[in-house]
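Following: one structure in structure tokens, then a few remarks.
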Amino acid sequence: MGLVKFLAKRIVAIVVTISLVVGVGYVLIYISPGTFYSAANMGQGLSQLQVSDPALYNQYLNSLNSRYGLNQPLIEQVGKYVWHSLTFNFGTSFENPSIPIIHQLAQAVPISSILAFGAIALAVVLGVPLGVLAALKRNTWLDSALTTLSMVGQAIPSFVLAVLLVLFFGVWFPGILPVNGWGTVGEAVLPIVALSAGNVAAVTRYTRGSMVEALRQDYVRTAEAKGVPWRRVVLRHALRNSLVAVVTVIGPTFAFTIISTLWVEQIFTIPGLGTLLAQAFPNKDVPMAITSIYVLCLLVMGMNLLVDLLYRVLDPRVKLQ
Amino acid sequence: MADELLCVEDLHTEFWRGDGTVYAVNGASFSVAPGETLGIVGESGSGKSVSVLSIVGLVRGNGQVTGGTAKFMGKDLLKLRRRQLEDIRGRDIGMIFQDPMSSLNPTMRIGDQIMEGMLSHQYTNRKGAFNRTLQLLDEVGIPEGRARFRSYPHEFSGGMRQRAMIAMAVACEPQLLIADEPTTALDVTVQTQILVLLQELQQKQRMSIVLITHDFGVATNVCDRIIVMYAGKVMESASVAEFIARPAHPYTIGLKRSVIEVGTQAHQLKAVPGVATTLMAPPHNCPFADRCQFVTDRCRAEVPELRPLSEGHYVACHRAEEVLAEAGATAVEGATADVR
Amino acid sequence: MSDEPILKAEAVSKYFKVQGRTLRAVERVSFELGAGQTLGLVGESGSGKSTLGRVVLRLLEADEGKVVFQGQDLAKLSGRELRLRRRDMQIIFQDPLASLNPRMTVGAAIEDAMVVQKIGGSAAERRQRTRELLERVGLPVSAAEAYPFELSGGQQQRVGIARALSVGPKLVVCDEPISALDVSVQVQIIELLRELQKELGITYIFISHNLGVVQLLSDTVLVLYLGEVVERASAEGLFQRPAHPYTQALMRSVLKVPEAAEKRVPLVALPGEIPSPLSPPAGCPYHPRCPLAADRCRVEKPELRMVSDGHMAACHFAEEAAIGGVNGAAAFGASPELAASS
Amino acid sequence: MAVITAPGAIAVRTPRHHSQLWLAWRRYKRNKLAVTGAVVVLIFVVIGVIGPWVAPQNYAQANFLYANHAPSLRFPFGTDGLGHDMLSQVIWSFRNALEIAFGASLVSFLIGLALGLWAGLRGGLADMAVMRLVDFMFAFPNYFLSLFLVVAMGRSLLPILLAIAIPGWAGYARLVRGLVLGMRNGEMVEAARALGATQRHIARKYLLPNVTNSIFVAIAFGVPFDLLVMASLSLVGLGLRPPLPSFGNMIAQAGANVLGYPWLMYFPAAIFAVILLAFLFVADGLQEALDPKAGEGGRVPRSRRLLQIARGRSPAVGGARL
């Protein structure tokens, strides 16, 4: 009952937010200076046509405009775009009129998802135990080493790390791991490492903080007073309650990771969403630009919803609202 | 005394803080006989909680026990390894704390929290623990045990939480129950309920209780013996009868005069001047000297040791006899003033 | 004392909205308070005593009823007029540290009160007055340079008192001013408050859950239960012959130091806990816990009524309770002189 | 006037009083990493300011004769495919990064401060409107809004600055509103109201002094975050339009050529990482130094503070804003 209502509310919120993002994004691109049909989009032939036969050129542009609905009033265009997005009817891009966007997405989305989810999973699997370790060994050399390391890890952006990895495995020690392309398991290793380093650091640091806090709590003392073995005190009482806090950072961390994926894909030349986006935006390929943002938003918001549900499972005090 | 259940001698505990070392417990000694209720009273910072937590190895943060012995059932608790202490905690020594909300794990069902201690000590098997938990819930006055078993702490009222804490502490029928300000966070009407419950359980299980409190009314109504702590030292130790009739330490007398209860007349009140301070160095004189109206040069130069005044009445004051005599005189004077 | 009461509350109510439900924090409370007198408010946590204290000062707006201070309906004052009026009515808080600005020294905090009210003359004169106030509340002048967190709890409370006094109030609401302090310090603060009242003729509203303190300081006492007054009497009358079963239970619950160990009596507990103010019981709010509860109590809410001269109680059976209660109190260890006087 | 308290009560501990700022500075100085970070940031700022006078070349000056030179005495950082001296590029990048990161942080802070104060002090409808907007901003990664804004406004300095700044206000607004609300309902403000203080007086003497530290810390974390966003824009082809130099452009360009001309990567990437690190150390140091409660036994649990950062703005866990 509560769950259904909660889900309904959240889904409405997601639809409204996404519509707003798509609408605002569309308007911003629409009002941007310059034409939509650049040489990069349409090929060199178009600029030659502009010189040789201006009338035909204009006719051609008009036909394009009506094809993409660009000659309608702005408000109508926005409405249509939002509606098409929500119904997953994306049409074709300017650049690749022959392939429906949905087909391009079908290829790109799984790739980016593997990278992002892989990076998050790695962050949790490594970060939580390291954080617990640092908290238990508080104020020792191990703790300061882990803390400093995670600070450095958080500060170095994923794309800089990606470049360093390319340098390392491509220039200095070539042949160990592939540094570009996509298709084999090996090709996923370096991008995921680049993406997750910052996350591992963040999760470590955060887990450490909340563990230290949890170990200080009265209920931990109660558990000790009951004679509960130390290992269980740490796992069932301290860690279990810290996880509640750690889960809250998973949402933001995932959002950040998804965005980092866009950058890292560029450096490893991986044909994911980032590649689509990086082609679409500078060239003002409206359908592609908006669609890729739309899909990314969906991913992030879906993850946030999942985190909220998980949070509810972990903390009985939280009521869904 | 060989028949004591717990015998603490010359306990020292220090805390390391950014700005120096805090001497929280400075040579506290006390003992608990089987079946008796010992009250430890004192103001905040007197070391009453820390000294008890020190014994069971639960001093937190940067605190450390730096000396003393604590013999419990023939073993010195301060010398045990963690594993050995874990065996004793919960099984032989149960504990309840001041704030029942923060003392309960918010993400764990009440029933599971009660069972946990029993299962850790292999006191019984899972099925047995479940049945015993239902029985315990009933004993501590939590109705509908089966439903309440599955509740979380935040679904309980303050009084109910403290009852659950008590169920947890007595689950393994410990020899000793340590109650650290168990009623301070509760309303007065609930306070009495909790104290009555503790008395009932004590009768039933024949355990000793160490009751830490700052409330003289609670201590004098519930305890058999009372010790007064100040600045990490035991200032006075006496049976409750002696304590009520012949307090001999100026601090005890001051505290008793500070107690405001229904019926207290304004002229009976007399403030102890000053405030208790934490010691940043080991005491080299009587720690109460600055606030004491009986102070002499000796008090400022020499630490008074806890010494017997009469049978079972110990006091750490150089001038206890004079204090006692004078207090008796003023009591008579006060009584005559009342009559007038 | 004086004929015209300095403060009058008429059927004051305050409601809060909590998750779409109405919490009746204070319901139809009335009282009069003469100048230089002390009104005690007692009750367990959640009884609405602190809320009432704030409504009286219009720190919270009353939802119903009115508060008349020195013949003036406070609700009718404009924001400006109210601010000016505040020099006559002040408040002392339970947690002095939380009520002081951590970024202001003690001296600055006290001076700021005068700056706000534009009193105290020049800056130098204000500083002088601050020094006097500090000395008056028992702090050294050097405390002016200290930040609040550098002081002990009792000293912080003295600062709170000095700040309240600095504007020369006629009425001071003391909201549990001693419950966070150690016993020995409690007495110091109480002595200070009593001295100040005698010296300056201040009127107090003293809020506390400690019956002893309320009895000691008050002339009149209101006993609150779930936001409602269940008993109102002179301090003497209330503590000698409590008429409401709740008041009696409260008094029984306070453990007194017995006169001798042999005179100890077994503890007897009042069953149950204060219900959630979000869903108060029907009829008399106290009936689920009341030993005297009859069918009538479950359906009919008792009005506050006169049970003896100047002594009001909201109980259908106040007369019966008054007799049984005091006997009961004796049985439960109340002092013999109280029992004897019945 | 009778002094009723006995001598003992008068013993107020009177340490030598120092201004809060001095105490904060003393705490800050103890943190070695933070001091090192501050020195690096200072160097960065100085080079950013005097850059145009010390750079060997103008950033736009290309020389095809010297394209793709490895680092040498003449070109310590090497040259790129158009023959730009990478050292000069780096020095000019300092300036651009400085302007955009500080500018963007300032602009988003000012917007956030105004809206947060308005919402927190006004309450009611204003608060609801602002908070709905904040919720909206937090629901999706703000980085996407930056992308659209760059497309709409172009790729020179001011548009990029605004594209980073405009989506960034929500974190500050929420922080300021939260601080204001937390205190507005607290006993300190109640006490001030009881004294008869006006809203203005309360805001000026009670609220503002108690929020500045948290805000300082938030900005300190915000600057490196904006640096990161700025650089990342180049990776999706929306950074400063060349020939305007920026770390993002250099890294993106080098990423494409890393197998052939790896030196293009060494210096820009390393220096950029060091700068980010330095800013982060400074922010972390400031947080510890400016939070006196943390020093006084930690009234605000550290995890709570971390949570505030995580939900507000922090470079690595601050995806909420991105």
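Think of it as A, B, C and D in the order they're written, each chain with its own count starting at 1.
The rule is short, and it goes like this: a contact is a pair of C-beta atoms (placed from the backbone, for glycine too) under 8 Å apart; a residue touches a chain by one contact, two chains touch by 3 or more.
These numbers were taken from a predicted model, which means no experiment stands behind them.
For the pairs A-D and A-B, the larger set of C-beta contacts lies at A-D. Comparing each chain's Cα centroid with the centroid of every protein Cα atom identifies chain D as the most central.
Inter-chain spacing, taken between the CA centroids of subunit A and subunit D, is 22 Å. Subunit A and subunit B have centres, each the mean of its CA atoms, that are 55 Å apart. Subunit B and subunit D, compared by their mean Cα positions, are separated by 51 Å. Separating the CA-averaged centres of subunit B and subunit C is a span of 31 Å.
Counting partner chains per residue, subunit D shows two or more touched chains at residues 5, 9. The set of subunit B residues touching two or more other chains comprises 271, 273, 275. In subunit C, the positions touching at least two other chains are 154-155, 188, 191. Of all residues in subunit C, only 44-45, 152, 154-155, 182-188, 190-191, 194, 209-213, 215-216, 239, 249-262, 264, 267-271, 273-274, 333-335, 337-338 touch subunit B in the complex they form. Residues of subunit A touching subunit B in their complex: 216-219, 221-230, 232, 236-237, 240-241, 244, 314-317. Within the complex formed with subunit D, the subunit A residues making contact are 13-14, 17-18, 20-21, 24-25, 28-29, 31-33, 148, 151-157, 159-160, 162-164, 166-167, 170-171, 179, 198-199, 201-202, 205-206, 209-210, 212-213, 242, 245, 248-249, 251-259, 262-263, 266-267, 274, 277-279, 281-282, 284, 289, 293, 296-297, 300-301, 304. Subunit B makes touch with subunit C in their complex at residues 43-44, 157-160, 187-193, 195-196, 199, 214-218, 220-222, 239-241, 244-245, 254-266, 269-273, 275-276. Within the complex, the subunit D residues that touch subunit A are 33, 136, 139-141, 143-145, 147-154, 224, 228, 231-232, 235-238, 251-252, 254-255, 258-259, 262, 265, 269, 272-273, 276-277, 279-281, 284, 301-303, 306-307, 310-311, 315-320, 322.
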